[in-house]
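A, B, C, D, E and F label the chains in the order they appear, each numbered from 1.
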Amino acid sequence: MQTHAAKRVEITIELIMQSRLTRALESAGVTGYTILPVLGGSGRSGAWSRSGQVTRASGMVQVICIIRPEKLDPLLDAAFAVVEPHIGVVTVTDTQVLRAERF
Amino acid sequence: MQTHAAKRVEITIELIMQSRLTRALESAGVTGYTILPVLGGSGRSGAWSRSGQVTRASGMVQVICIIRPEKLDPLLDAAFAVVEPHIGVVTVTDTQVLRAERF
Amino acid sequence: MQTHAAKRVEITIELIMQSRLTRALESAGVTGYTILPVLGGSGRSGAWSRSGQVTRASGMVQVICIIRPEKLDPLLDAAFAVVEPHIGVVTVTDTQVLRAERF
Amino acid sequence: MLELAAANLLSPIVLSFVLGLGAALARSDLSIPEAAAKAMSLYLLFAIGFKGGVSVADHGVDGTLALALIGGIILSAGLPLIAFALLRIVSGLSPTEAAAVAAHYGSISIVTFVAGTAVLEGRGIPSEGYMVAVAAAMEAPAILTALWLVARGAGETRSQGRGELMHEVLLNGSIVLLIGAFVIGWITGPAGLSEIDSFIVAPFKGVLCLFLLDMGIVAGRGMRAGRGVLDRGALAFGLFMPLVGAAAGLAVGLALGMMPGGVALFMVLGASASYIAVPAAMRVALPQVNPAVYLTLSLAVTFPFNLTLGLPLYVTIASALAGGG
Amino acid sequence: MLELAAANLLSPIVLSFVLGLGAALARSDLSIPEAAAKAMSLYLLFAIGFKGGVSVADHGVDGTLALALIGGIILSAGLPLIAFALLRIVSGLSPTEAAAVAAHYGSISIVTFVAGTAVLEGRGIPSEGYMVAVAAAMEAPAILTALWLVARGAGETRSQGRGELMHEVLLNGSIVLLIGAFVIGWITGPAGLSEIDSFIVAPFKGVLCLFLLDMGIVAGRGMRAGRGVLDRGALAFGLFMPLVGAAAGLAVGLALGMMPGGVALFMVLGASASYIAVPAAMRVALPQVNPAVYLTLSLAVTFPFNLTLGLPLYVTIASALAGGG
Amino acid sequence: MLELAAANLLSPIVLSFVLGLGAALARSDLSIPEAAAKAMSLYLLFAIGFKGGVSVADHGVDGTLALALIGGIILSAGLPLIAFALLRIVSGLSPTEAAAVAAHYGSISIVTFVAGTAVLEGRGIPSEGYMVAVAAAMEAPAILTALWLVARGAGETRSQGRGELMHEVLLNGSIVLLIGAFVIGWITGPAGLSEIDSFIVAPFKGVLCLFLLDMGIVAGRGMRAGRGVLDRGALAFGLFMPLVGAAAGLAVGLALGMMPGGVALFMVLGASASYIAVPAAMRVALPQVNPAVYLTLSLAVTFPFNLTLGLPLYVTIASALAGGG
């Protein structure tokens, strides 16, 4: 089946920043993304876990954007502006998509 | 450690289609998959979010299949037949696996 | 934007082994990981689904580690020691990261 | 009538709904966890089904049960035809879209039904306990009518999965729980009820308040997300169709000689629009239709209308017309 | 006896379980959200523990508490030996598999225990409040016996993690909550109970109904998924072993001179099989054993048997034999 | 006083908290599902708000409502100044960190407030129903003071998002639900309460127990995770600052001539530290501050202190000083 080269950008970011990030993505022309829940994790700022969170201050989500390769740079710029002062991780992976006309 | 080339297929699809998709995968000879919950997302058909869904009509899941490269085409054909009339995204990424005998 | 080569290791493992795995990762010098919930799946040991689990014995999670390429082997050794007698899947994908100094 | 409407509007139940609606429209992050909302809906289904069954065990089934079921099925199967015709006239929806929407209005909203029973109880108006079975029977027929409408047109539904789809619809969790609890209540009767009434009777209205708070949030988000999805004709349909459905329900209820509460519940079932079983079935059978069209109409237009203005109206009319019966 | 069995079978509690079972077998999508099921199980543990503690505060601890604890521990540690021997004779399970299953039957199912107390309450049969502590004490010993059985055989368990495993088992959430609530109930006594009884006493049976609905769904899914996993001998074991366990429990209860209700609960504990703590421990210690083997037996065979037929049987026998005491 | 403290310490509410704390410190896996914890907190907010509103409808609003709101706002805006100064003296926290922590101590913990009302009810001490509105009004002002403290220093806050941030804080779900339920209770009055009291009154304390069990788990995990994050000065601040806040609350309550219960609640509000609204706001506005600093202080130091020793102390002092009023 015919597939097309694309980039898969995965941004792990604090829950509280989710709407700010997706708004930034939208204004950078990103037309689609998917948000996965995160159960817990560990990094330079220590370990955390969703169970027993009584506060909205902790908790993270993973935002996945599949985009055409040429849209990568504006996306990363937009994402970086939001993520930069915050904890979180951004990865970019080469991938292939079906139905490229959607991206 | 010895790793082996494989394909990672990630299919984001409506919850309501999940069982139809996994049945199609199974009849295409896919022996394993993992299903991740999806919190929300946005695409050509607008944005949605899991919180406050009272209906089974919305909601998506992500189905991940790790397969040997030679099994890719039958899998994509099977997946495409289910996904085609529906919203959703299919990506294929090159990856490496441990314990290749399992796939 | 400047990105750096990295490895994305994704380990799907039984919930009950999660803390053992993350401890093994930490003692192998892995400084960060993210844990995603898993809704269900299927493999050689059959299909399972989170809904209606009354026991802690079933259920899986996905542990994602982004690491510098040179740290891959110790990580895989550590992960394999925990995963080996258990069900589960380990994949390694080439990726790019922002803010490489964090890894 | 106005007084009754005011009393209804100022009940904790409706005010909780309004609170949720307002919070969502003001873009507050107030939200009920998905699992809690589902748990409350399971509780409400179990409680309403069980109490219906106990009431049948208590008062016996008079001859109208079978007739009421048939009446409900005809109502559910017939209303989509009217809805479809209306939509084709007043709105710009395509035939397939109109059929998908029509299915929702033939089917029913169990929460509206539950809120209706709460209003009846509040006013001490008696109703037949088996009406929950009628509600369950009305979930599915409308779907078949809608699929027939589509097939008659372009024939573009994929009929190969029809059997599987009907299996899913008829055995969807809500129906199974409602009917199952009804049967359990019927078997165990008042003795069974006395064992668990401090769980399913006493806290019922309070749980309904919290559940309607969530429904308000969902409706409010639907209003915000659905802006622009519907033209004016479709919006008008969402307010007018409930009255048509209620009138049809009234006719059926009166024809069957139901108690005033039973007539009112027939009106409520006719007026309400599905937002659980039918949307799911439509996503499978008619994936080309944007779900925002029917969800916005059902959840963000018709549900609020029925909850606030419709219920007191239906109850008043039913009491007036069936009162002397 | 038959009458009592019928009364038990037609209680809302058992019927709710049957409803869940039927829904799952008919492949309905009825399901209770995981979070809600866990919340209900925490509620039941807290309530049953608290009430046990209050009852101890109320009636005082007679000398049998320590003896009952020891009796329970011996029962839990001893039953796996019988279970293992039986399984090796009647089923085709490997020694390691048989040991893993045996651990479940030495340990206990707290939901079966809770349902047992509900039956006792329904019939007004008194029991010792401290039986919840006995239940907690019986969770873990069986695991040690099973690991010893395996080590004695092939020695293939990885004993380095043994200490950590026992820490996990002894401090698993269910035990901690059960014992903790028991202690709180004991400390605060009837005065504490009166503060929260409309939370933990009044709605208790209703919550148990919904929880058993979920257990029915789980058991039904287990039956469908586990088809083919077990041979006939193993299935027979799942129905026969509870009777052996109940007989052992009966012996212990009578030997200790417990009240009729206490004897019945010893039988229930002996008869029931773990499905929370032991499966988790087995996944860690014996990962090579397919969990479907023990989960199917415990959840889809033994649990339904105990809930429907076992409980009235055990209660009747205990009342008859300990009644004159 | 000692007797009262003991009575408080031995109540099911505090013991449930201690159980959770102990379980977490012993590294048990006992945990309440996130959705269940959120559902319980929504329930508590709805119930406490509703009951406050009903009490206002019942007793009328005397003139102090507006004054009490203003007093609360001043308290919330002023306390961070004291907290900031204290922290700069006794701890090694940076100015930005100190400001972030200070915001938490000006704002309030609604669970501490709820536990306070339960203590008052238990002792039959009357309080103004509108104190829940005061609690809501005190959530946000402290945040502005803290941001001003930071801006005055290095000016490193990003003020462009200030408006959005305040919108989020003022419309955060907890506040909206609390105020919304208060208004609903006020509108529907005792008649509305009678409709749903078996949901929001009778089980209230029991739900509070389970919720505090969860808070105990969270606090215990916070203690384990936060070890090493705080220096001794900061820890001492976490125990001393509540007393300062309570004293300030006492002054305001007495100055306004509140009932003894109202004075006690002002002390509780002054003494308690936010763990919901303010941490979220600080993550947005001051992401450079490690959240473990303020969460550990608020949840693992101050909250346990207030719940166990603070509440009986504040209530005793308020009764003594305002009792004759």
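One rule holds in what follows: a residue touches a chain if its C-beta (ideal position, glycine included) is under 8 Å from a C-beta of that chain, and two chains touch if they have at least 3 such contacts.
Small disclaimer: the values here were computed from a predicted structure and weren't measured.
Enquirer: Would you pick out the chains that touch chain B and also touch chain C?
Expert: Where chain B and chain C share a partner, that partner set is A.
Enquirer: What's the farthest chain from chain A if centres are computed as the mean of the Cα atoms?
Expert: Ranked by distance of C-alpha centres from chain A, the top chain is E.
Enquirer: Taking mean CA positions as centres, which chain lies farthest from chain D?
Expert: Relative to chain D, the chain with the farthest C-alpha centre is C.
Enquirer: Let me have the rounded angstrom distance from the C-alpha centre of chain C over to the C-alpha centre of chain E, please.
Expert: About 34 Å, centre to centre.
Enquirer: For chain D versus chain E, what separation do you get between their C-alpha means, in angstrom?
Expert: 41
Enquirer: Could you tell me the distance, in whole angstrom, between the mean C-alpha positions of chain A and chain E?
Expert: 45
Enquirer: Indicate the residues of chain F shared as contacts by at least two other chains.
Expert: 29, 31-36, 39, 172, 198, 202-203
Enquirer: Show the residues in chain B shared as contacts by 2 or more other chains, in ascending order.
Expert: In chain B, 36-37, 56, 93-94 touch at least two other chains.
Enquirer: Taking the touch definition from the header, please name the shape of the chain graph: line, ring, star, complete or other.
Expert: other
Enquirer: Could you list each pair of chains that touch one another?
Expert: A-B, A-C, A-F, B-C, B-D, C-E, D-E, D-F, E-F
Enquirer: Quick one: in the complex, what on chain A touches chain F?
Expert: 14, 16-17, 45-47, 50-58, 85-87
Enquirer: Within their complex, state which residues of chain D touch chain B.
Expert: Answer in residue numbers: 31-34, 37, 41, 161, 172, 214-215, 217-218, 221, 225, 275-276, 279-280, 282-284, 287-288, 290-292, 295, 299.
Enquirer: Can you tell me which positions in chain D touch chain F when the two form their complex?
Expert: My answer: residues 10-12, 15-16, 19, 22-23, 26-36, 39, 122, 198, 202-207, 209-210, 213.
Enquirer: For the complex, give me every residue of chain C touching chain B.
Expert: Contact set of chain C toward chain B: 12, 36-44, 49, 60, 62, 73, 76-77, 80, 83, 89-94.
Enquirer: Provide the residue numbers of chain D that touch chain E in the complex, in ascending order.
Expert: 33-36, 38-39, 42-43, 46, 50, 167-168, 171-173, 176-177, 180-181, 183-184, 187-188, 192, 195-196, 198-200, 202-203
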